[in-house]
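Okay, so chain A shows up in both of these, paired with chain B first and chain C after.
Take a look at the complex of A and B:
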């Protein structure tokens, strides 16, 4: 067990390391004015070169990469923001934005996941029944209609219907309702889809047939055997869903002007704030990788049957 | 060579002794038929019978044809047929729309600056058949109807090229990945890395580094999408490569290339078609998404994404500018999704008969 965990963690760290290298090298292609803030046009060419030299940007790329990694590991320093908040450490900029995204995200996950799982359970109770048909239709529509379209339509008509403000305001609780509902919709759809699938898989197993033959009550079969086994693979999704709230919801946060993480990457890109872009991309990828890792580990803890020593068993 | 000369035609194929015997008999006996009677016989009596290898192979088998069954199954599915028909009509119309009479140019700004007083045609509401602008105009006075169809064309182009390119690479590398076990580690590591970077970030980075244009978007989306396809194909390859039929085929000395093309690929058609069908709307949505972020293709090239983005700030005042492109986009996505699912169901041999 321990050996497996150590191995997985090391693999994940390796993946993050490779991603950092790729992103770092790619981002060296950005125009250099992204390091100067608003002063770029005011400086002469010599001053710019001086400035770049001082920041270590004229070194060969591997040297820069090494310095970046050393700073990251020793003092968790990702550089200074140059445009969004001038000369403020990138980590501070990000830390100020995270809480609001996490707040929205956690609420919608807390509402959406149980609802989605409940919907999935209802769908699996009777194949071709009302719940199954309605649920399948809902999942299909949410999958098929492009997210930007339904999200903007919800904003347009939802705000009219509820009389809520069109954009987010800190002092208005009403303005939080629609973003949270919009975030919940896809979460419900994904969870319902997988829950139904795992439930149906489990219902078709032989041991369920045996239980039926033994005349175990249907509800007992359903909740003690089917549900418990179907929930195990669902736990795989939980860590990533929770960690993923840090990403924020790019589309929704932009639609409702929520000052969270989702908008930050876009703002940084449009403002050409190189250090911030780099930090965000690396952070997002790292969260994705560690979310998956935690999901696998959690699943192994929840279900002792999953043998970790067998190659690829936890995947 | 005479048409009726059986001897000449047949004799070439016979051995010398038989030829001699045959010649002796033919020359000895007089003609059985007079010339008129021979002319009355149907010409096909004098044609060689076909010796078709494929026909010979069929003997003893049912006349099952994979594509025939697939198409028959597909037409039994009403939802699939309807959505497929809608798609065909929509795409057909998008491509013939510019050559229909009375269409306006999508790029022209229709403000009349020479008139006195100056006339603006901005944010004209839909006029349908009562005026020049069928669906009205946008904020700078361009015809929305023409822009909508031009946008549909461009978006479909993006969707189809991304689906085609990524699927081609996906099949190629997926087969290699599944078939050549030594490459497994390399590809798996690559999959872990590419798949862990969110799609949106790759798109955003590409748009930022190389500037948003159709080729850049297509390249960026294909770059991300191929590995997902490849992973799926790899799993299928692993499933089929050790099946008995393939083992038998390999024991008979079939080459790797032929095994892949003739034995494995046909088993995967249904999955491939489904992924292709779903890849098109995903790519179209990707473009819409980028436009939302303000990183999309410039307004000079209309796409569904930048039509929506241009209409979004005005959605309270002029909802029609948003609703029509949104409707087209949704219809296209839903139809691809449903038709793709219907087709993959019917292409799955397990559902045949």
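Take a look at the complex of A and C:
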């Protein structure tokens, strides 16, 4: 087990390193305006070259990459923002936005995931039954309708019916209700979908039949054998979907003017804030890899076939 | 075999139908069968002949789209064919009837230890829990030939080989302490060398616990050593039933002849392996006459018109074929099966 964890962690670190290198090299191709903020047009060509030289941007790319990595590791320095918040370290810019996204994301996942899994379980109990049909309809509609459509509709009618505020305010709990409901909908759908699928897989297993043969009560079989085993592949999904919910709410955060992470990358790209774009792209990929890692570790924790595998190899 | 033994299960004129894609499939077509206490009965037939379906009726595990159309299954004064809900079936499952399934690689829960799975059976059938259950489970594991059962108790199925897993499945069945053990092709998924060991184990357990056994198989060779009686099924019906010797050496039904002819014989190099031409009848449509007539190399006109009744050959041996009617021409069984001397 320990060997497996160490190996898996090392592999993830290697992946992150490779991604940083690739992203860094690619982003060297961005137009250099992005490093000057609003001053680009005011400077002469010589002044621009001076400034680029001072920032080390005229060095060969490998040297730049090495300096970047050194600063990242030693001081956790990802450079300065040039347009979104002028001359503020990008780590600060990002850190200020993280808590609110984390808050919304975690609450939505905490509500949506159990609901989705419960719906999936209900759907799996009777194939073609009322729950199954209703649930399948829900998943299908939610996937077929473009997300902005139902998001806007919820905002429109939600504010009318519930009297909830149209935009987010830190001091108003009510203003969090509609964004959270909106975030929950796809979480419920995806979890219900996978849960149902894994439950149905399990129900048809031979060992469920053997449990019946050995006279285990139906509800006990359902929870102790079917549900327990169906959760295993779900655990692989959980970390990534949590992280995705936290960082991925671009439209919803825009709609309700929530100062979260979601819109930041787009803002940075539009504003040509090179250092911030670079930091965000690296961060998103690192988070993705971290999510996969966490999923695999959780899976190893619940599945003895991985946990006890002598060579510690991933299956 | 003496005829006055106690009947454990008595199946009478059982008809089972499945609804499949809006059509009715007549899977069991009027079977009557007595299972005697302490005997070992083999049910042989090709895939789809209904042998598994027939036995699933004894344990209430018929697939959801199937139902008993008519007939009765008497056990202990109760008619299992009338059972409606899980509560009634739970009085039978495990403690009265247990089953060993075909594929040991998939019949154990991969996330639970082997010992836990045996203990679970003890808990729901013998009401043993905790340490008592563990002790008992270790004993049973030793009983089915698993070395070092204390250590093995805490291991997971993936740490066992196929043969060892089948022993665990058998241990689970034994932990239920049943009166009837149904073995649904218990050796099909195993290596040939392991097959013999597993059959030997089942035989020993039967003697030790005075079990009644039913073997479901498509391989007559497998059951020759373990079965007292053999019932040959074809198209949802028992076409011939008799003691092991009677079916092997004095078979009367053309289908039994064909089955026996297709057994490979050691040391016979002369000819290709015999195979039965054609396919079994489609049970979506009614079967007229003798179901085997269309594949029978020498059918009689009446085979296509009327379903043959059973003709009693000896007190323990009967077959459903018009060949046994006094008016039928004498027909000798094919020579291939003459060479079957010992199996």
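One rule holds for everything that comes next: the second predicted complex is superposed on the first by the 298 of 315 C-alpha atoms of A that agree within 3 Å, B and C clash if a C-alpha of one lies under 4 Å from a C-alpha of the other, contacts with A are read in each partner's own complex, and residues count from 1 in each chain.
The rule we apply is simple: a contact is a pair of C-beta atoms (placed from the backbone, for glycine too) under 8 Å apart; a residue touches a chain by one contact, two chains touch by 3 or more.
On a predicted model such as this, the values are computed, not experimentally measured, just so you know.
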First, second, both or neither for A:232, with chain B first and chain C second: second
First (chain B), second (chain C), both or neither touched by A:180: neither
First (chain B), second (chain C), both or neither touched by A:15: first
Touched partner set for A:143, first chain B, second chain C, both or neither: first
Partner with the higher number of touched chain A residues, chain C or chain B: B
Contacts of A:215 with chain B and chain C, given as first, second, both or neither: second
Touched partner set for A:281, first chain B, second chain C, both or neither: first
Touching residues (chain side chain A, partner chain C) in the complex: 205-207, 209-218, 225, 228-229, 232, 302-305, 308
Residues on chain C engaged by chain A in the complex (per definition of touch): 59, 61, 86, 90, 93-95, 98-99, 101, 103, 106-111, 120-121, 124-125, 156, 158-159, 169, 172-173, 175-176
Of all residues in chain A, those that touch chain B in their complex: 11, 15, 18-19, 22-23, 26-27, 29-30, 140-141, 143-149, 152-153, 156, 166, 247, 250-251, 254, 265-266, 269-270, 277, 281, 284-285, 288-289, 292
Interfacial residue positions of chain B with respect to chain A in the complex: 189, 192-193, 196-198, 200-201, 204-205, 208-209, 281, 284-285, 288-289, 292-295, 308, 312, 315-316, 319, 322, 326, 329-330, 333-334, 336-338
